[in-house]
Structures are given as structure tokens and as C-alpha cells.
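Given below, in the form of C-alpha cells, are the structures.
Below are two complexes that have subunit A in common, paired first with subunit B and then with subunit C.
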Partner chain A sequence: MLNAIFSGDTPRSRPLTAILLVILVCLALGPFLFDGTRAFSTLGMICVFIVVVASYDLMLGYTHIVSFAHTMFFGIGAYGMAIATDAMGNNFTAILVGLAGAIALSVVLSLLLGLLSLRVKAIFFALVTLAVAFAFLSLATQLYNITGGEDGLRVRVPRELGPAFRPFDGELRGFSIVTFLSGLFTEPGNLGEVLRESVFKVRFSGRELMYYVAFVVSLLVFLFLLRMVNSPFGRVLQAIRENEFRAQALGYRTVFYRTAAVIVSAVLATLAGVMFALINRYVNPENTLDFQLMVFILLMCVIGGMGTLYGSVVGVALFLLAQNYLQDLLRLFAAQVPEGGVMAELVAPDRWLLWFGVLFVLSVYFFPTGIVGQLRIWSQRRKPAA
Partner chain B sequence: MSALEKTLDNKSARRERPWKALGKGPRARFAAFREEKPHLFLLALMMLVPLFMINPTTWAVLTISGLAMGAMVFLMASGMTLTFGLMNVLNLAHGAFISLGAFAGATVLTVWLNGYSGDSSLLVNLVAILPALGFALAVAGLVGLLFERLVIKPVYGDHLKQILVTVGGSIILLELIQVIWGPNEIPVPRPDALRGAFIVSDAIPLIGGIALEKYRLIAVLLGLAVYGLMTWVIDRTRVGVLIRAGVEDREMVEVHGYRIRLLFLGVFVAGSALAGLGGAMWAMYREIITAHMGDELMISVIVVIILGGLGSIKGCFYGAILVGLINLYVGFLEPRLAAVATVGLMVGVLMWRPQGLIPVIKV
Partner chain C sequence: MASLQPETVSRPVLETRDLTINFGGHVAVNRVSCAFHAGTLTSIVGPNGAGKTTWFNLISGQLAASAGSVRLFDEDITSLGAPARADKGLGRAFQLTNLFPNLSALENVRLAVASRHRIGHVFWQMASKRRDISDRAAAYLEQVNLGKRADTPVANLPHGDQRKLEVALMLALEPEVFMFDEPTAGMSVDEVPVILELIANIKHQQNKVILLVEHKMDVVRSLSDRIVVLHNGELVADGEPAEVIASPIVQEAYLGVSPDQEPRDSQGAAV
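Up next is the complex of A and B:
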């Protein structure tokens, strides 16, 4: 049963299973475990980016196609939704139209990109997608009467997905893990008080409903991708990754498979963009199309572990937590360092990306298989004759 | 070569040049020109078509500006095309070196030698400008040396890792730039001697009376000078022979006992330094710099090296001119489509000639 759900591709490492279970529980019970809007939006972004990064991994990790146009498809989804609700009002028809239109555009564009890449060497694909994505970004920024330019667009979500909608009448209660843990450390003697303080009121509105829609979609997409990479189709992709020439010689039309991988991945990125627009309810070039976002996606994919879908989950969770909370940590460091020197500049909270960049380069050298790959190697070593 | 192979070879040669079959009429000559000198054909097309849409005076100004932009982009792109051609190393951190050069040049101009660049005499200005360009060249070259040793050296021969590592390296460089120079954009006032414009005398027909900005002319001259110098080095010197041979067949050069890694290191450092020089020129052109300016220019650079064909200096030069021109022409007709037109040009050329305009290495 469990094997069927995971398509026979289980985590194969105890620590990894534990990490994944923690992530799953945190996401599933998210709004009831973490208090505050910042935590809530981080959880939502984790759900969205799991879809983005897992679909990117299908190209990068499983087929070794480097594409820099993934944010373009993500942006098509987000903008498609924003434009559709802008034009047709906040109803579910608009959402369907936006979704269908965005996916159609993505399929056409990715097909064109795939066909173009047939004419050039594989490495060119990276450069061509980079240029095309940039042209798209500049188009989205310049055509401000459609896209709102730099200011972006507000997404008008249906009432059922907005903060005003109350699906339940009764009051719900959550249990704040953060308050509980910090209480446990600071005043361990006063357990009853800590427990009472940890309970908080959850206002379950349409936003939480939307969060759970995103959570379910992202879970389903993840399982779908897991099924896909462990199917004969996925095996061919991996064969292409290992030795394209040989896969061709075995009679596989590698061009077809590569293009199919690009299209599937583009469609899923578009889906993620749609969810992003509905959760964030505001899209602009910076949060959907920017080159920096593309680099972030690349970082998440590689740090988590290329060619392992579990890696994208771990990578996304780690990176988004770092993005949201590493700055706090650096602020603590910065308080210890005397003001004004170069050292103070180096640990300034805004420079968190510097440290992540260093970590990234080091991990490419020393842990090329990423966190998940490394965990699997370690547990493989522990039981050699299994 | 056996007789059979020879006939096969002839046949394939004939198949590759169908325009030869057309005979010797003007149509055939046109087709031959189009296929054998695609860079000149495209350049002529690019310059002639807008002439019907823009009035000649504006066209002349736009053309000069386009050439100036092309010259600066050439400075930035030439290093990357050689690195890619020679060692098959795809350096996506090239944009960071452009930014680095811009900031280094700006430091000299606005902080260290501020008094000189504010003066209105050319000679005094030059005291600031030449060290600024030199400093940009030196800093970018030096960092390029470190970058090659630390970041690129361990990942030779693995494209995927090169892309990942250089993207990571680019993040680190850009963040370090912000650590040193602060996160805000910095204004770089152009030295007085480079401001203003020449007025073409009214006596010359068609383009009489137009104003040619001095700085753009200087950029064109510098670009031509660097192009000339590079062509001379590549075509006439011993180092150039080795570089050309290395682009053609790296292993063969190694077999002959030349240390191609050292040669490559030199090319990489020179390429980084040129990127820095281009960045400094661009800083004075735009008069404002941000750490992320390199990323934006990187798109033009990528289009240029794909257009020109990898590893080819000449292709890179013509590619850069084409990108500069299309940017200015389209930017004048419909400013919002300039970036799209640049990428469209690349896609079009790839459809027509997947190898680029003047390919050197077999792709």
C-alpha cells in the first residue's frame, strides 16, 4: 500500500524519513501549529515551491536539462490568474479560464523552446532559455496596461478563498509549537503555565481553506511526479541523463522525451504560479519573474539533492526557512560584532544570500548529490551487505 | 583519402551549397553572398531596413549610438566567447565581472581622483579616466585569476557543475560588491571632456547638422582598437596560433607539449579584465551603476556569443554590433520591445544558422 503510493521509491534513509515526516506534519497541521501571519505565509510558500522545485528537478536532476525559463512559466501562471480575475471578476469561472489560458500558453511556449533546442547543442538550451526568460520579463514589465508594470497586479480571489469567509461557526484552537518549546527551555518548572500559553485561537477563514487546497495539490503533484520518474518514461529520462547517445542507440527518440520533460515541467510550474497568485493575492515581476527567483529555485533544487524528488521538498523547506529566518540569526551575530568594520558588513542581515552562496558552492564541490543524496549514501554505508 | 570518399565528399559539398547550382547570375551571387558572408548580409539588412522607417538624420544618430553600444558589448562578450570556445567552460559569473569593473572604475573617478574628473580640460580628465579604466581592468583581471583557481578549476569538463558553480560564484561576487560598495546605486558623473557632442557640418548632405555624442564616438574607437588588437594577437602572434589551435582541438595542442591550462588561465584573466573594462565604460555611459547591472548586460552578452558562433572573435564583434543596432533602432520605434527584439534576433539566427554566424568550433 505504502509502496504503491510512493511508487516504490521510498526515502531509503531513516534520518531522511524523519525529516520528511516532520515537514509533512508541519505542513498538514500548519495553521494549527504556528501562530502569526509570517509563519502562515512561509508555510504557503513552501507548498507552492515544492511544486515549482520538484517540477524543475524533473528537468535538471532527472534529465540534466538546464533551463532558466522556469520562472517564466511560473510567472505565466501567476499573471494568467491575475489578469483573468482582473477582467472577469472574482468568481470560479475566472479561475478556470485563467488556469486554462495560462497552461495553454505554457504548453505552446515550452513546445517552441523544446523544438528550438533541438537545433542547438544541449548547453545552448541554458543560454537560450535565459535570454527568452529575460525577454519575457522585460515584456511583462513594459506592457503595463495589461500587467501593471513594476507595480504588479492585485489578484481578486473569490469570497470563498478570502479572509471574510468563515467555513465553520465554532471556534478552533491551535497549539503553538514555538511558544511551547521556548517556554520549555526558559521556564521548565512551570509546565502547566507554558502549556496554557501555547494554546491560541485559530481563525479559520477562506485563506486557510486556500492553504489546504495548495497543500493537497502540492502533495498530489509530488506523488504524481514520483510515479512519473519511476515509470518507464522516467527511466528513459534518466538514461538520457547518463548517456544520451546510448539511449538514442537503444532506439529511444530522445528528442521526444526531452521535449516531453520540458513541457510537463512547464505545465506544473504554471500550476504552481496559479496557486501562488491565489495565496499571495498580489503578483509583480519581482516575486514571479525575476532572475534572482530563478537562481533561488536552482539553489533549492541543488542543495536538497538533484535527481531525488525528496530533495526538492527538503531543499525548499530549508531555503525558505533560511530566507525568512536566517536574517534574524545574522542579526544576532551582527549584534556581537563591533559596528562599522568589514566584518559587520559581512554579517549584516541583508547579506544572508552571501552565506547561502558560499554554502551552495561548497555543497556542489563536496556534496554534489545534495542533502538527500548524502543521507542516502550514509545509510547505504551503514548496512553494506543488505 | 580513397576515391570513393572523395566523391562522397564532393557530393556532400555540393549538397551543402545549393546556391552554386544557380549559375552566375545576380541572384546566384546574392545567394552566395548571403551564405558565405552571413554576418555582412545580416548587418546590411539590419542597417537598410530601418532606413525606410526612420528619417535619415535620426537613422545616422541611431546607427552611431548602436555602434557605440555594440562596441561596449563586444568588450564584455569577447572574453566569454573565448573561454567557452577554448576550454568549453560556460562562465555565468561573467556578468559579475562587468559589475566589478564598473564599481572599480567608479571608485577611481568619483572618490580617489574626483578633482581631476571634475575639471574641464581634457588632459586633466585623462589623468582620472585612464587610471579608472586601468584599475577596472586590473581589479577584474585579478579577481578573475582567483575565480579561475578557486571556483572553475575543480569543475573542468562538467557543464552542469560549471553552470551551478558559476551561478553560485556570481551570487558571492555580487554580494561582496554590495558589502564593499553598499547596496545602493551609485551615480558616476561622466568627466567633462567626454560630455557634449560634435556637430557634423551642414555641408555634408543627408547627415549634415546632426549631433554626435563624443562619448559614443570614443566608445566606438575603443571597441575598434580592442577588436584590432585582439585580431592581431589571435592572427599574428604565437600565442594567438596556440589559442586558435586550442579552440579547434584542445587535446592536439596538449599532445604537442603546450600547457593549455596556463594558456586558458591567461585567456580567462584577459576576458575578465575586458569585461571589467566594458563595465567601466558602461558605467560612464549610463552614469549610474548598480550591483545587478552585470546581470542585465549578461543577456546581451549571451545573445552576442550565440549569434556570433562560439569561440569566434570576428563573429562576436559582428554579433555585438548587430545587438547594439537592433537595440537602438527598435528602441526608437517601440521602446518597449527592445529586449524582445534582441532575443528575437537570436532566435531567428538560430533558426537560420544553428551554428551562429561565423562558427569556429563544431557544435
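Up next is the complex of A and C:
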């Protein structure tokens, strides 16, 4: 049963299983474990970006297709939803129309890109996707009467997915892990008080409902991709990654397989864009189409471990946590060092990107196969010894 | 057309007609016409750079011909790509080992079996659940004595094992035409008989076409029904093994030009 759910591709490393379980529990019980809007939005973004990065891994890690157009498909989903609700109002018909329209456009564009890969290979293909993505970005900024230009668009979500909606009456309680842990740290003697302080009221609204929609979709997409990469189709993709020439000699029309991978990946990125729009309720070129976002997607994929899928989960969680909380961590450090010195300059909260860069270089240097790849190597080494 | 098999009344399985390719000004294969009938093993010999592998690439579709045609079962397949030709029954093993290095030996063969059974598009089913495919793949691995190496990533296999796997992949495609490009090159002496026996077995099936590029003259002599000699991209001799080896053009073009052949060959040259 479990084997069928994971398509026979289990984490294959105890520490990795533990990490994944922690992430799963945190996401599943998120609104009940973390207090505050910032934590809530981080959780939502993790769900959305697991879909984005896992679908990117299908191309990059499993098929060795380097594409810079992934944010374009993400943006198509996000803008599709924003434009549809803008034009048709905040109802579920608008959501369906936006979703269908965005997916249709993505399928057409990704089909063209996939067929293009027949003629244009490797780095040249990557450059073409880059050009297409930039063209799309400038279109989105310039067609301001449709897209809102640089200002972007507010997404009008249905009442059922908004903060005013209460799916059920009655109070719900959550248990704040952060309060509990910091309480345990500062006043370990006073356990009863710490426990009491950790309990907080959860106001379960349409936003939480939307979060759980995103969580379930993200989980299903992940399991779907896991099945796909472990199917005969997925094996052909890996064969193309390893040796496309030989895959052809075995009778596989590799263009068909590559195009299929690009289309599946694009459709899933579009779906993620739709969820992003519904959670974030604001779409602009910077948060959906920007090239920096593309680089971040690439980083999350590489840090986690290309061609493992689990890597996308770990990479996304780690990256978004660092992006959101590294500044806080640095603020803590900065409070400990005297002002004005070199040290203070280095640990100033604004330097978070510098430290992030250092972390990235270290992780690529020490874990060339990504975190997941490295954890699996360690587990495998320990096995024969035991 | 220089068919030297008057006793065969059946139509050829595979045929090249005036097959030509030029790279810039260099004509690597020059108007080569040759027909191959079911149940025969033809060795292709010639010095390095004679165009043997290029000719193979033209037949199996890795290269597109500049002129001339390739026909399989009387159908012109010149315009088809490599995947379509493999689909139609052209099996190819490569001279330079050409596998999927990070996949296991079994997975490599399984890819060939899956292609033969046309299940590459199946994305909803776990590959490991297709016992039929896995069992067949395992059987082919066993045939080349690699059963114990099934789970080893190909990159970690010794060269000789990779050569054997190369052959297993072609067997798994169950083709009508087997194209071996120096299948025993770089193999240790005790591994060679395994491959030769496999080739002999295919030959005994009587209904397949086997093409063999091989430098070892004893192998060529013992297995071949016919020898074709290429030199500078042209077909210079074609006929019974003894006859071809003795012909002056081969003595000069092939055996004479390569004095560093095995001793047996230089003795042959002295006749």
C-alpha cells in the first residue's frame, strides 16, 4: 500500500524520512502549529513552490532539459486567475475559466517549446526559453490595461476563500511550537505556564480553507509526479537524460518524450500559479515572472537534489525558511556584537543575501548531488558496513 | 547490384543502393550497394577509416545519407530517423560503448524490452510492477552472463561487461537485422566465446540478418557466410570468405596496408 503510494520510490534514508515527516506534519497542521500571518503565508508559499520546483525537476533533474521559462508558466497561471476574476467577479466560474484558459495557453506554448527542442539543443534551447520568458515579462508589464503593468492586479477571490468566511462555528485551538520552544528555553522550570501560553486561538476562515486546498493539491501533484518518474515513461525520460542518442537507437522518439515532459511540467507550474494567485491575492510581474524568481526555482531544485523529487520538497522548505527568517536570525546575532565593527557590518540583517550565497556555495560544494542525494549516499554507505 | 548469392531466391531483407555520404568534400561512404538475405552472417572488413561504422550509421539511421537509399523488407526507409528504423527491426550495437551510465544494468536492458513492447508512454503504472518486462530483461542479462550484475550502475561495470551489455540491449530489441560493431573489442580472452556463441545462436535461427564489423580474422573466418570489404568508403570486394581473403585487392587494400595484423593474417598475406 505505502509502496504503491510512493510508487516504490521511498526516501531510502532514515534522516531524510525524518525531515520529510517533519515537513509533512508542519504543513498538514500548519495553521494549528504556527501563530501569525507571516508563518501562515510562508506555509502557503511552501505548498505552492513544492509544485513549482517538483515540476521543474521533472524537466531539469529527470530529463536534463534546462528551461528558463518556468516562471512564465507560473505567471500564466497567476495572471490567468487575476484577469479572470478581474473581468468576471469573485465567483467560482471565474476561477474555472481562469484555470482552463491559463492551462490552455500553457499547453500551446509548451508544445511549441517542446517541438522547438527538435532543432535547438541544450544551451541554445535554454537561451530560447530565456528569450521567450523575457518577451512574456515585458508583455505583462506593457499591456497594463489588461495586466495592470508594474502595479499588478489584485485577485478577487470568492467569499468562501476569503477571511470573512467561517466554514464552521465554534472556537479552534492551536499549539504554537515557537512559543513552546522559546518558553522551554527561557524558563524551563515553569512548564505548566509555558504549555498554557503556547495554546492560541485559531480563527479558521476561508483563507485557511484555501491553504488546505493548496496543501492537498501539492501533496497529490507530488505523488503524481513520483508515480510518473517511476513509470516506464519516467524511465525513458531518464534514458534521454543519460544518453539521448542511445535512447533513439532503441526506438524511442525522444522529441515526443521531451515535449510531453515540458508540457506536463508547464501545466503543473500553471496550476501552482493559480494557487499562488488565490493565496497571495495579489499578482505583479515581480512576484510571478521575475528572472530572480526563476533563479530561485533553479536554486531550490539544485540545493534539494536534482532528479530526486524529494529534493524539491527539502529544497523549497529550506530556501523559503532561509529567505523569510535568515534576516531574523541575523538580527539576533547583530544584537550580540558591538556596533560599528566589521563583525556588525557582516551580520547586519541586510546582509542576509550574502549569507544565503555562502550557504548555497557550501551546500553545492559539500553536497554536489543535493541534500537528498547526499543523505542517500550516506545511508547506502552505512548499509554494507552494518 | 553486386549480390554474390545466386543460390538465394528470396528477396533481400536489407539492401543499400548507391548509399553515399560526404562530410564537406570528404566522401566517407561512396555509392555502396549491397543486399543481405535472411539467415546469413556477413562480415564487413577494411582498414580503420574505411567507412564501416559510417556505413552502419547510415543503415541504422544515426546519419542521414547524402545520396542513395536503404531498403528494409523492400520498403525505402532512407527518410526515417533512427527510432523509426529501430521500430522496424534494425538492431544496432555500438563500437564505442554507448549505454545509460547511471542506470543499473537491468534498467538498461529493461529500456530496450520496454521499447520492443511499446510501453514507453505508460506513465500511470510503476515500472517495477511490469514483471513481464523485468523478467525478460533479466533473461537477456543472463544470456550475456551478467545476471549477477543486474543492480550495478553501468558506470561501475568493467569495460568487458559493458560490451556484453551492449549486446544484451540489441538482443532485447529482438530485431530482424543485427548489426554488431566490433562486439569483442576490448574484451578479455575468456569473455569473447560468450559473445561469439550468442552470435552463432542468432545465426542458427536461420531467419535473421547479421552484419558484423570485426578486425579479428579468425572470428571473421569461423562465423561468416560472406565477407564484404570496404576501402576508402568504397565496396572493393564481396564474396565467400576464402575467396575474398585470398583476392589480391584484399591482400593489398586491407591485409597489406595493415602490417600490424595478427600473425595468422600476415601468413595469409604471404600466400
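Definition applied: the second predicted complex is superposed on the first by the 358 of 386 C-alpha atoms of A that agree within 3 Å, B and C clash if a C-alpha of one lies under 4 Å from a C-alpha of the other, contacts with A are read in each partner's own complex, and residues count from 1 in each chain.
In this text, contacts are C-beta pairs under 8 Å (C-beta built on N, C-alpha and C of every residue); 3 or more make two chains touch, one makes a residue touch a chain.
On a predicted model such as this, the values are computed, not experimentally measured, just so you know.
Of the two partner chains, subunit B is the only one that A:Ala126 touches; subunit C does not reach it.
When the two structures are aligned on the shared chain, A:Val302 is found in touch with subunit B, with no touch to subunit C. Of the two partner chains, subunit C is the only one that A:Phe245 touches; subunit B does not reach it.
Residue contacts after overlaying the shared chain place A:Ser231 against subunit C, while subunit B stays out of touching range. Subunit A has more of its residues touched by B than by the other of subunit B and subunit C. After overlaying the two complexes on the shared chain, residue contacts for A:Ser138 are found with subunit B alone; subunit C is out of touch. Of the residues of subunit A, not a single one touches subunit B in one of the two structures and subunit C in the other. The touching residues of subunit A, when paired with subunit C in their complex, are 4, 7-8, 227-228, 230-236, 238-239, 242-243, 245-254, 257, 260.
Residues of subunit A touching subunit B in their complex: 64, 66, 116, 119-124, 126-128, 130-132, 134-135, 138-139, 142-143, 291, 295, 298-299, 302, 342, 345-346, 348, 350-351, 353-354, 356-358, 360-361, 364-365, 368.
On the subunit B side of its complex with subunit A, the touching residues are 90, 151, 154-155, 159-161, 163-165, 167-169, 171-172, 175-176, 178-180, 183, 295, 298-299, 302-303, 305-306, 335-340, 342-344, 346-347, 350-351, 354, 363. By the touch criterion given at the top, residues 60, 62, 81-84, 86-87, 92, 94, 98-103, 107, 110-112, 114-116, 119-128, 130, 133, 169, 173 of subunit C touch subunit A in their complex.
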